[in-house]
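Each structure below appears as structure tokens.
Common to both upcoming complexes is chain A, partnered first by chain B, then by chain C.
The block that comes next holds the complex of A and B.
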């Protein structure tokens, strides 16, 4: 006898909605009230942001005061300050190109086809060199612009990217040293990692920006910007090292034994067997750390840099636009959102990609 | 570093008065064993008897604390070049397969020949496919280990070790983690290998396999080699009380 098993028909969309939100009269009432509140709020928001808003800068601040909605003209009038900070006005195209080069570099290094040592080094080398050349100038007929004048989105991106470029390899080194068989190496590394992690980022930035110049010989001091980047890279690497180490602990000891039994050297085992698997385990936490670091770049304000948030303050803080701070912050929030959201979407893509062969 | 290819006439593995401690636990007590080329040795004994520890000392996954191990004419000491040289010549198959899960079967088989032996990729792939044929899973080359059954994974692991063209193969309980219906497919591959003259040292409880292919069966207990005999003698005429007790437990049902 053959048995014919038929799955019950899947409920339609409408059926499902009814079951979830309108099962009892009370539930139906609550659903309707919530819906009304949501529609009301959405209407208010849209009305403020779009329907009653002023978009062009031509009318100046006065045009905004007459309108009931958002004053986007502040963005139209002041976007250059937000994106480029105090960078000289006529040279801001360089700052824009520098942003593009950093973004292109980041996007390229996210593409799996570029994940060979030579290609990634090429991408990063060209990207950072191009950024530096464009921003600093002094060659090829570009007027010189000192680091103290860099600002806005261009500075935020630069600090974030260099922090990761320095911090990530450092994190892997620290993680490997912490699992060293030599106790004096693993203990010292442990103390460094735990020490850095127990300090607030602000105090590290202060130390690198202001205290360090007194302790170092003159030729080693360098520009404040690079000291700050080093400080933030150190902070990043301390956290990331523990994430990588956690990923390594998820790789069974048998993996390294098998690699050893095949005659692989230490660096071959690390590079081909341990790290690829450890990074897969550590991926969600790593993306998290990147997102946190991106947002933490705003702390460099404290040591006198005009990254995007500080530039935003300057954009509305000049008297005539003083009332339009909500719009400026909304714009900056939107920029942060674009970057961070792309980052987490990319993380999700990587997880899907790496899930191949998991099971 | 071709020092391992010296002395073609000597024994494949020569172990003398081997001592191994884990902390204060004395895992191996003055173990001595000599294995000739093309000889097939089966090592058995109750768990904790030191049999795995002993074969893991042969390719230095464990460091011995006393005594002397000579593999293919090279003595194992702290010299890293010696260790790497020996590991290239000694293949190992593990209880839990230990395939690299982030690589396809083919990549698992080619990575060591390519990066350790510096074989050209195309040649390594040809060799890999030949060995996959030999372990009877040529169609799985592009799959990931996680997509295979336990028996298939263990056969891939054997092929992976063979791709390095080793002179000696170590098997550390290769069938203990397998479902019963998959044991014979792995043992069949090992029997074929034995018939081709591979030097093999197998830690296993598969007494049927021992009877069929072993030149000598070694029984270990408490970190010592208790008995060493050809299979017929070992299974039928053992004089040792501990051996007889162990055999009755393994065979007695």
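The block that comes next holds the complex of A and C.
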């Protein structure tokens, strides 16, 4: 017997629209309100940022201030101070190259082919060394530039990268110690982790920048930048340690028992069995932690660093551009947004990618 | 000796002693060096300084404060400021987050898009940048002479002036308590009244309770009003200055707005996750029982979602409470800024840092305790736990 299948008539564009947005009076109302808000905001924003905006600095700040829209000429006039801070003008290409090296390093470490311990260490090691060489100079004919002159986006990236570079191994150590079978080690580490986590980052940065020099012998004080990086790395590692520990708890106990039965040593078990699986479990949360700590580098402005937020404050703070604070903050927010949004999108992509392997 | 080291137990004990001992030695050495360095600067350690007068002022305080007050009083003011800003920020952030989160979970695609755009934009910009932005925006508002006016409120570069009832401090505190009771009473009545009572009767009791508490609040305000003054004090221009009303300083409003917007974007995601965790079958069951959509939402969907999101929400609240320390960026005298100022002015570095740690530990632990209690109260009980 033959069955006759009658396909329902394909809904037209209009029908589809009606079904999706105007199914019930309430839905219609909601759609209309949302649409009104969107159109209003989009129009306001576009009008401010593009249609009535001034892009060139030809008229000077006065002509710019009179404009109805945004005054992007403040960025044209001040982008160098925002991106590079107080770095010597002729040498700013080095600061730019250093930023590029950090970005390339981050992009490389996002590619799965680089996800072995050795390769990732190599990428991050070379990237950071390259950055340091370019910024500091003193070799290969590059003039020396001290840390106190570093600033802007380059400083933000440096703090972020070194925080992760120091914080990540520290986090793994802390996580391993917290799950140690020796009660005093696990308990003490637990107190350290929970203690750091209960404090706000600002107070830790403040302690490391301003209070710690009192508590250190003269020869150990070092530059404020490195102390603050240490503090921020400690904070990062306390959070990351809990994430790694969570990942370790997701590895079934049988795995370790099997490794033990094979006669593997502690370090073999950790390095070859436990950590690879734990890191896989912890990857989404880890990316999230990277995102958070990138945003939190901005807090160093409080202990007196000239990173991108402070250089932004300086860019509009002086005399003639005093009115253009919205434009400067929008520019900085956009830079942060590009970095943070792409990182978090990457995190979402990873989560989808890993869900494929779930059974 | 070598054979002793081969013994696992001895090795373990040694390892632990070494670890804890070296950490303790590090901390002790730090304290000893710090005490010596501070003593060289003529600062004696100890907590005696708490009873000395500070000699500086705070720009925001709910309690009376002068430069003659002792340090312990300023620390108390700092903690209260932090809690006050935190509470207002949390409430606003929860409000924003609930609205945006509901928009994201709604069946309307346009509302979803709106919610997602909000979350994507504000979650990806650091909080301190948003604080700076709002602070700059508010301090660039017109001077009092050219203030924006709306609903009796005045928007100026010196802050937001709002009309305020002319009542004494005690009456105000009592009235606030009564308002809190008006919110808490219906919840409590709803929990204690018998489930066998018909639904309409229960909600009537709840309504009466809330109304009675609100009436109490109004009564307290009327009794406690200051004599010979208009009941509600409107801000108005007098000469070059504004008189009357309540002034909300720019520092406070910038922080509260930033925390509300930034925290709201995080809470929106938590709310969305909570609603996503509610099983489809439970909603279908509720609908098939003939409950109206509103009833399904308030009686089934919301309580279940709340249960799923509360633990994450508690973490977020603790985080937001700590975020009040951004106050130092714009000069709001929160707990951390008081500590920083104390270190600057008195040099009692170690003691102040100790107080800072103790204060935040206390705040975090009490928040955690409150949420654990709430969590326990609404968690699944008994044998209804099923996979």
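Methods note: the second predicted complex is superposed on the first by the 325 of 359 C-alpha atoms of A that agree within 3 Å, B and C clash if a C-alpha of one lies under 4 Å from a C-alpha of the other, contacts with A are read in each partner's own complex, and residues count from 1 in each chain.
Just so we're on the same page, a contact is a pair of C-beta atoms (placed from the backbone, for glycine too) under 8 Å apart; a residue touches a chain by one contact, two chains touch by 3 or more.
Being a predicted model, the structure only gives us computed values, none of them experimental.
Novice: Clash or fit: what happens to chain B and chain C when chain A is overlaid?
Specialist: fit
Novice: Just to be sure I read the superposition right, which of the two partners does A:50 touch: chain B = first, chain C = second, or both, or neither?
Specialist: Neither partner.
Novice: Quick one: chain B or chain C, who's touching more of chain A?
Specialist: Of chain B and chain C, more residues of chain A lie in contact with C.
Novice: One more residue to check, A:255. First (chain B), second (chain C), both or neither?
Specialist: Touch partner of A:255: chain B, not chain C.
Novice: May I ask you to decide whether A:272 touches chain B, chain C, both, or neither, giving the answer as first, second, both or neither?
Specialist: Touch partner of A:272: chain B, not chain C.
Novice: Looking at the overlay, does A:211 come into contact with chain B only (first), chain C only (second), both, or neither?
Specialist: It touches chain C, and chain B stays clear.
Novice: Considering only touches as defined above, state whether A:264 meets chain B (first), chain C (second), both or neither.
Specialist: The answer is first: A:264 touches chain B but not chain C.
Novice: If you stack the two complexes on chain A, which partner ends up touching A:184: first (chain B), second (chain C), both, or neither?
Specialist: second
Novice: Based on the superposed arrangement, let me know which partner A:326 touches: chain B (first), chain C (second), both, or neither?
Specialist: second
Novice: Minimum Cα separation, chain B versus chain C, post-superposition (Å)?
Specialist: Minimum C-alpha separation, chain B to chain C, in the superposed model is 7 Å.
Novice: Return the residues of chain A at which the contacts from chain B and from chain C coincide.
Specialist: Touching chain B and chain C on chain A: no residues.
Novice: For chain B, which residues count as touching chain A in their complex?
Specialist: Touch residues, chain B against chain A: 59, 61, 84, 87-88, 90-92, 94, 96, 98-102, 104, 111-112, 115-117, 143-147, 157, 160-161, 164.
Novice: What residues on chain A touch chain C, complex-wise?
Specialist: Of all residues in chain A, those touching chain C are 20-21, 27, 30-31, 34-35, 37-38, 182-185, 188, 195, 198-203, 206-207, 210-211, 214-217, 295-296, 298-299, 301-302, 309, 313, 323, 325-326, 329, 332-333, 336-337, 340-341, 344.
Novice: Report the residues of chain A in contact with chain B in the complex, numbered from low to high.
Specialist: Per the touch definition, chain A meets chain B at residues 252, 254-255, 257-265, 268, 272-273, 276-277, 280, 354, 356-359.
Novice: For the complex, which residues does chain C have touching chain A?
Specialist: Residues of chain C touching chain A: 12, 15-17, 19-20, 23, 30-31, 33-34, 37-38, 103, 106-111, 113-114, 120-121, 123-129, 132-133, 136-137, 140, 322-323, 325-326, 328-329, 336, 339-340, 343, 349-350, 353, 356-357, 360-361, 364-365.
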